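First the structure, which I've put down as C-alpha cells, then a few questions once you've had a look.
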Amino acid sequence: MTSPLDVVIRVDAAGVCRTDLHIVEGQWAEKSGVELPYIIGHENAGTVVATGDAVTNVREGDKVILHPLVTCGLCRACRDGDDVHCENSLFPGINTDGGMAEYLRTGARSVVKLDESLEPAAVAALADAGLTAYHAVRKAIPLLHAGSHAVVIGAGGLGHIGLQTLLALTPAEITIVDRSEQALAHATELGAHHVVAATGDHVEQVRDLTGGRGAHVVFDFVGEHGTEAEGVSLTRDAGSYYVIGYGGAVNIPTIDIISREISVVGNLVGSYNDLDELMTLAARGKVTLRTKTYSLDEVDTALDDLDEGRLPGGRAILVPSR
Amino acid sequence: MTSPLDVVIRVDAAGVCRTDLHIVEGQWAEKSGVELPYIIGHENAGTVVATGDAVTNVREGDKVILHPLVTCGLCRACRDGDDVHCENSLFPGINTDGGMAEYLRTGARSVVKLDESLEPAAVAALADAGLTAYHAVRKAIPLLHAGSHAVVIGAGGLGHIGLQTLLALTPAEITIVDRSEQALAHATELGAHHVVAATGDHVEQVRDLTGGRGAHVVFDFVGEHGTEAEGVSLTRDAGSYYVIGYGGAVNIPTIDIISREISVVGNLVGSYNDLDELMTLAARGKVTLRTKTYSLDEVDTALDDLDEGRLPGGRAILVPSR
Amino acid sequence: MTSPLDVVIRVDAAGVCRTDLHIVEGQWAEKSGVELPYIIGHENAGTVVATGDAVTNVREGDKVILHPLVTCGLCRACRDGDDVHCENSLFPGINTDGGMAEYLRTGARSVVKLDESLEPAAVAALADAGLTAYHAVRKAIPLLHAGSHAVVIGAGGLGHIGLQTLLALTPAEITIVDRSEQALAHATELGAHHVVAATGDHVEQVRDLTGGRGAHVVFDFVGEHGTEAEGVSLTRDAGSYYVIGYGGAVNIPTIDIISREISVVGNLVGSYNDLDELMTLAARGKVTLRTKTYSLDEVDTALDDLDEGRLPGGRAILVPSR
Amino acid sequence: MTSPLDVVIRVDAAGVCRTDLHIVEGQWAEKSGVELPYIIGHENAGTVVATGDAVTNVREGDKVILHPLVTCGLCRACRDGDDVHCENSLFPGINTDGGMAEYLRTGARSVVKLDESLEPAAVAALADAGLTAYHAVRKAIPLLHAGSHAVVIGAGGLGHIGLQTLLALTPAEITIVDRSEQALAHATELGAHHVVAATGDHVEQVRDLTGGRGAHVVFDFVGEHGTEAEGVSLTRDAGSYYVIGYGGAVNIPTIDIISREISVVGNLVGSYNDLDELMTLAARGKVTLRTKTYSLDEVDTALDDLDEGRLPGGRAILVPSR
C-alpha cells in the first residue's frame, strides 16, 4: 500500500490488446517513460483482497473490473465525469505495473463492482477496448435520432462493441464496413441493418445506403490505410466523423470543413461512469464478447496468436491458474 | 484527523445565514439529527493549517473557501459534476461541527483555493448563499439566448448574486421584482434592465415587460407568500419556473402543466466546480457582496441583526480575532 | 384552398380519442372558441389529393400522416424544432374542421410522408396520442443512461407507446405501474423489465425495484386520482417527474422541490420532426398499436365503445368506405 | 414575384465582402454554377416594398436585415434551427441575383425585422460576416465556463465580432492573436483580456497565458498560412479547434486526435434565429461595426479599397442614393 485509497486485487482475468504488442515492440518506450522491467496488462478484472484505510466503496471479496486509469478525484476533470483527463493519473500496464500478474494494486476510484451474473474472464476485455467503443457511441447519442444514419468502419475488437452499443443506446440505422467477410457475418448476426464489404466501391455503396448524403456520424475504428479520407467523405454535411482507430492522419482543406460544417471528433477511453454503464449492458446481455482463454504462463502464445491474426473477432484473456 | 483526506483550516471568515436562525430556533433538529451541543456555520473561508496523508491538492498556508459539503468522490454523482447529491456526504454546520469557531475540519474534496486578489471575509458568504444562486443561473444558460427574458423574484442576499451571475453568463433581458425600494435601487446599480416594485399590479407590469408572454425563466428566490403562483403565472409557455427560495408550496393543475408545457425546476446549492467558477467571477469583480464584519464573540449580535432586518442587502461575516 | 401552402387529403383513417368525448360533452367549448357545427378528428392519415401553388414537399397520391397542428413556419418556435409552440397555429379537429370526414384541408408543414410499409389505418392514432408519448420520452433521453430507472404510471393508450419508445431510444430499466392486469400483461409482452399492479402498496414495491431511491424519471400518463403525489414520491433526488396525463394537480412544498432538487416537467404533443421519427420506429416495427376499425358512419358506436371501456389497450379508427 | 412567399425589399445597404472579390476573380464560377451577368451582394438590409400572398410576418415599410439564404421551411434542417443546411436553399449574391442593386427579391423566411434603434447601413455587414462569427461562438457556449480559456486567431472583420460575442455570451478568459497592432489595439479597446502579436513566439506566449495547457476552444478566423497547425497546437486536451477562416488545410495524425481527444469543428454562417439574436445584441450596443459608406456607383472603389487593404478593421457598405 502506498496510499490509504489503494485497493489490491487478485487478478482473475487480464485482456491481451494490440497495444501490448506495440509496447513489447518498444513503440511506447519514450511516450510512457516507464523503466524496465515492468508488468503490462491494462484490461483487468479480479477480486478485492486488501483495501487502504480511506476506501469505502469496496471490500475484500468483491468481484470487480478495473477502470484502466488510477485518478485523483480532486481535479476539475475528475469531478466532471471526465476522469480520463485527470491531471494526475496513472495508467497501470502502460506507465506502471499492470495486470498480467497474480495481483495488482489500483485505486478506490478505479474499481467497478461486477453484477453477480458477470464473470471477470468474460468482461475483462471491456475494460479498455470495449470502453473506448462505448464512450464514442455514448458521446454521439444526441446526434443519432430515429431516422439518422451511423456508419461503422471496422467491425473487429472495438467495432463490434460499438455496433452492440449503438443498438442498445440509439435508434440509428447502422451500416458496417469491413474487409473481413467473417466480421461482416458476425455484424449481421448482432443486428447490423446493412453490411458492406470494403472491396473497392464500398464508399459509393454506403453513400447509396444513406440516401446519397452520407451518415450523421461515421465511427472510424481503423483510422489508417485510407479510412480517414473515406470516413470524411461519408460524413454528411453538418455531420460528424468520430476517430477511434489510429495510425494514419486526417487531412482536410479548411474550405471543406467550413462549407460542409463537419466536425472531426477524437475519442479516447471512457470514464468510470461509462464503464459502470457498460457493465449494466453486459449484465443484461446487450454487449457480449468472444474470448479465448490462456493461462498466465501462455502469455507469449496469446501475444503471438493476436499478432498473427489467429483471433479474428475474439479477444485473448489471460487467467492465472490457482 | 479522522481520515487521510482530512484538511484542517483556521477559520478566517464565517458567513451568517438565515438557516442559522432556523437551526437556533430548532426547525432543523429532526431533519439534521445532530446531537447538541455542536457548532453552526456553513459559509466558511480560511487558511489551511494541516492536511491528511492522502491530500494532494492544497498545502499548509493556502487560502481557501469551503464547499459546504464534504463528499466521498466515489459515487456516481460525485464523479459526474453533481457532488451535491453525493450518497455519503456530511454538511458541516448543519449535521456536524461547522465554522463559527477558530478551526474547522473538512475534506480535501471541499477546498477551493482562492485567487490572491480575494480575501476570505469578502467571499465567505458566497460559499452557500451565493453558490445556490450561481448554480440556478448556470443550469438555465441553455434556456437564455439573446432576446430571452429572465425574471428574478427577490433581490436580497441570494437574488442579487443571481442577478450578477445572469449578467456575467447570459445575454438575457433581466427584470427584478422586489418589495424593497432599496433592493431595487441596488439591482439597477448592478445592471438590471428593469425593476418592478411588488406593490400589487407587478405581475401585470412584468408581463408587459416580457411582451405579454411571460419569461423564458423565472427565478424565484422567495418561494413563499404567493410568489409561487406569481412565478408560475409569469412563466411563458414552454418556459421554466426555477424554485430557489422556500417556505410555501407549488400547486398547479396538471392540465396547465401539460397544456403550457412548463417545467418547475428545484435548485439546491451548487457543485464544487460551480464554486470554483464563482470564485473566478469574484476575482474578476463580476460578483461582489456587501458585508458587515463582526468578531466571533459578537455572533449573537450578528444573528439578531439578521433576524431583525438590520442588514438589508448585506451579509454578516464573523471574523475570529487573532 | 385558402393559402398557397394548403394541402387537401382524402382521409383514410381518423383515430378516436378521449379528447373527442370531452369535446362532445362540451368541455372544450370555451377554450377552443369554435363555432358549431364543425367536424372533430385530430388523429388523421390519408392520401394527398390537391396541393397549393407553394407546396413543394408532397404531391398528389402521397400517403401521409398529419401532424395535429397547422403551423406558420416563420416564428422562432417553428424554426427551432418546437413548432408545437407556433405563435400562429391552428388545431384541426379542435378549433377548426378536423378529420372525421371524407376530406381534410391541412398545410404543407403538417404532412409526413409514410413509408411504403405503413398503412394509414395502422398509424393514424400515433398522430396525437402516440406523438405525445414519444415526445415525452425523447425529451428525457439525456437523463436515462444505462443503469438508470424509468417508471411509467399508466400503460394504456399513451403509456404503452411510451414503453415501446423507451425500449427503442434508451437503455433504462423500466417499471410499469397500472391498475389493469391486462395492461400489465401487455407491457410484459412488449418488454417491460418490471410490472407492478396499482393495488395499494405499489409505491413501496416500485421504490424497492429502484434500489430504494426512486426513478431518474417518472412518466405519469394518468396525472390524476393521486398519481401526482405518487409520481413525485417515486422521483429520486435530482430526478424528474414528467407529467403527460391530466385532470388532477401537482402540489409540492417548495422546501421539498429545492431540498430534493427535483424537476416537474410538462409534456404536450411532439413536433413535426418527432412525428417523422416516430414513423421511422413504426416502419421498423418498434412501435405498434392495437386498433379496431369502424366505418365513418359508425362514429357514434366508436365513441360509445371508448366511453364505456370496450377498447382496453386498443384504439378506435374510423375508415371512410369507398 | 415567383412565389406567394416572396418579399421584395428596397436595398438600403449592401455590405462588401472578401467573397465578392473572389466571385469577381472567377473562383466561384464552377461552384455556384451561376449564369452571367448577375448581381452580387449577400449582406443586405433594406425596407420591405412588396410581399407575396402567403407572407404574414412583415409588411410594406418594415426595416429588415436579410438572412443570406432563402430557405424552404419544410425540410428537417429548416424545422430544427439549422436552416443553413436547408435541402432546397438559394443564396442571393452567390448563385442568384443579390443586393448590390436598388431592389432585391428574397423570401418571407429570410427577413429579420430591425429594432427601431438600428439603421440598415450600420448592421448590413452583420448579415453574413458577423453572423458567421456569432454562430461559431454560440455553438461553443457549453464549452466555455467561467475559468475557461478562449483563443481567437485573427481579429479582423469576423474576429472582432467573435470577440464581442464571446464577451456578451460567455465568461471565458479571451486571448486575441493577430499580426496587426491596430487590430490588437482595437481588441483591447473592445475588452479582450489578453492580446498577443503574431510575431514568432506567439504560440508559446498564448500557451503560457492558458496555464501551459492551451485553450478550451480556439476560434481560427484565418484558417490558412499556418494558423491551422498553431490552432490545433493551442487546443488543450479534450478541447475544440473551431475552424471559421479558410484557405489552408487541417492535417493531424489520428493518434494525436484520439490521444488528446480533441475536436475539429467546422463553422458556416448562422441560422435565422442566430441572426435575430445577433440583432438583439446590436440593438443593445453589445456588437458594433466600423463601416465606411459608398454610393452604389462607387462599387468598384469599394472593392478596390477592400482588395488593397485600405479598410483595416472596417467594412465597406454600399448605400444606393435616392
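A few points about this structure:
Going by the order they are written in, the chains are A, B, C and D; count residues from 1 in each one.
Here, a residue touches a chain if its C-beta (ideal position, glycine included) is under 8 Å from a C-beta of that chain, and two chains touch if they have at least 3 such contacts.
All figures in this text were calculated on a predicted structure; none of them were measured in a lab.
With contact taken as defined at the outset, chain A and chain B are each touched by C, D. Compared on C-beta pairs in contact, A-D and C-D come out with A-D as the pair having more. We define each chain's centre as the mean of its Cα atoms; on that basis chain C and chain D are separated by 41 Å.
The set of chain C residues that touch two or more partner chains comprises 273, 276.
Note for the complex: chain D touches chain B at residues 141-142, 145-147, 168-171, 273, 276-278, 280-281, 286. Looking at the complex, you find that chain C touches chain B at residues 77, 82, 84-85, 223-224, 228, 237-238, 243-255, 257-268. By the touch criterion given at the top, residues 3-5, 53-54, 56-57, 72-76, 78-81, 83, 88, 108-109, 271-273, 276 of chain A touch chain B in their complex.
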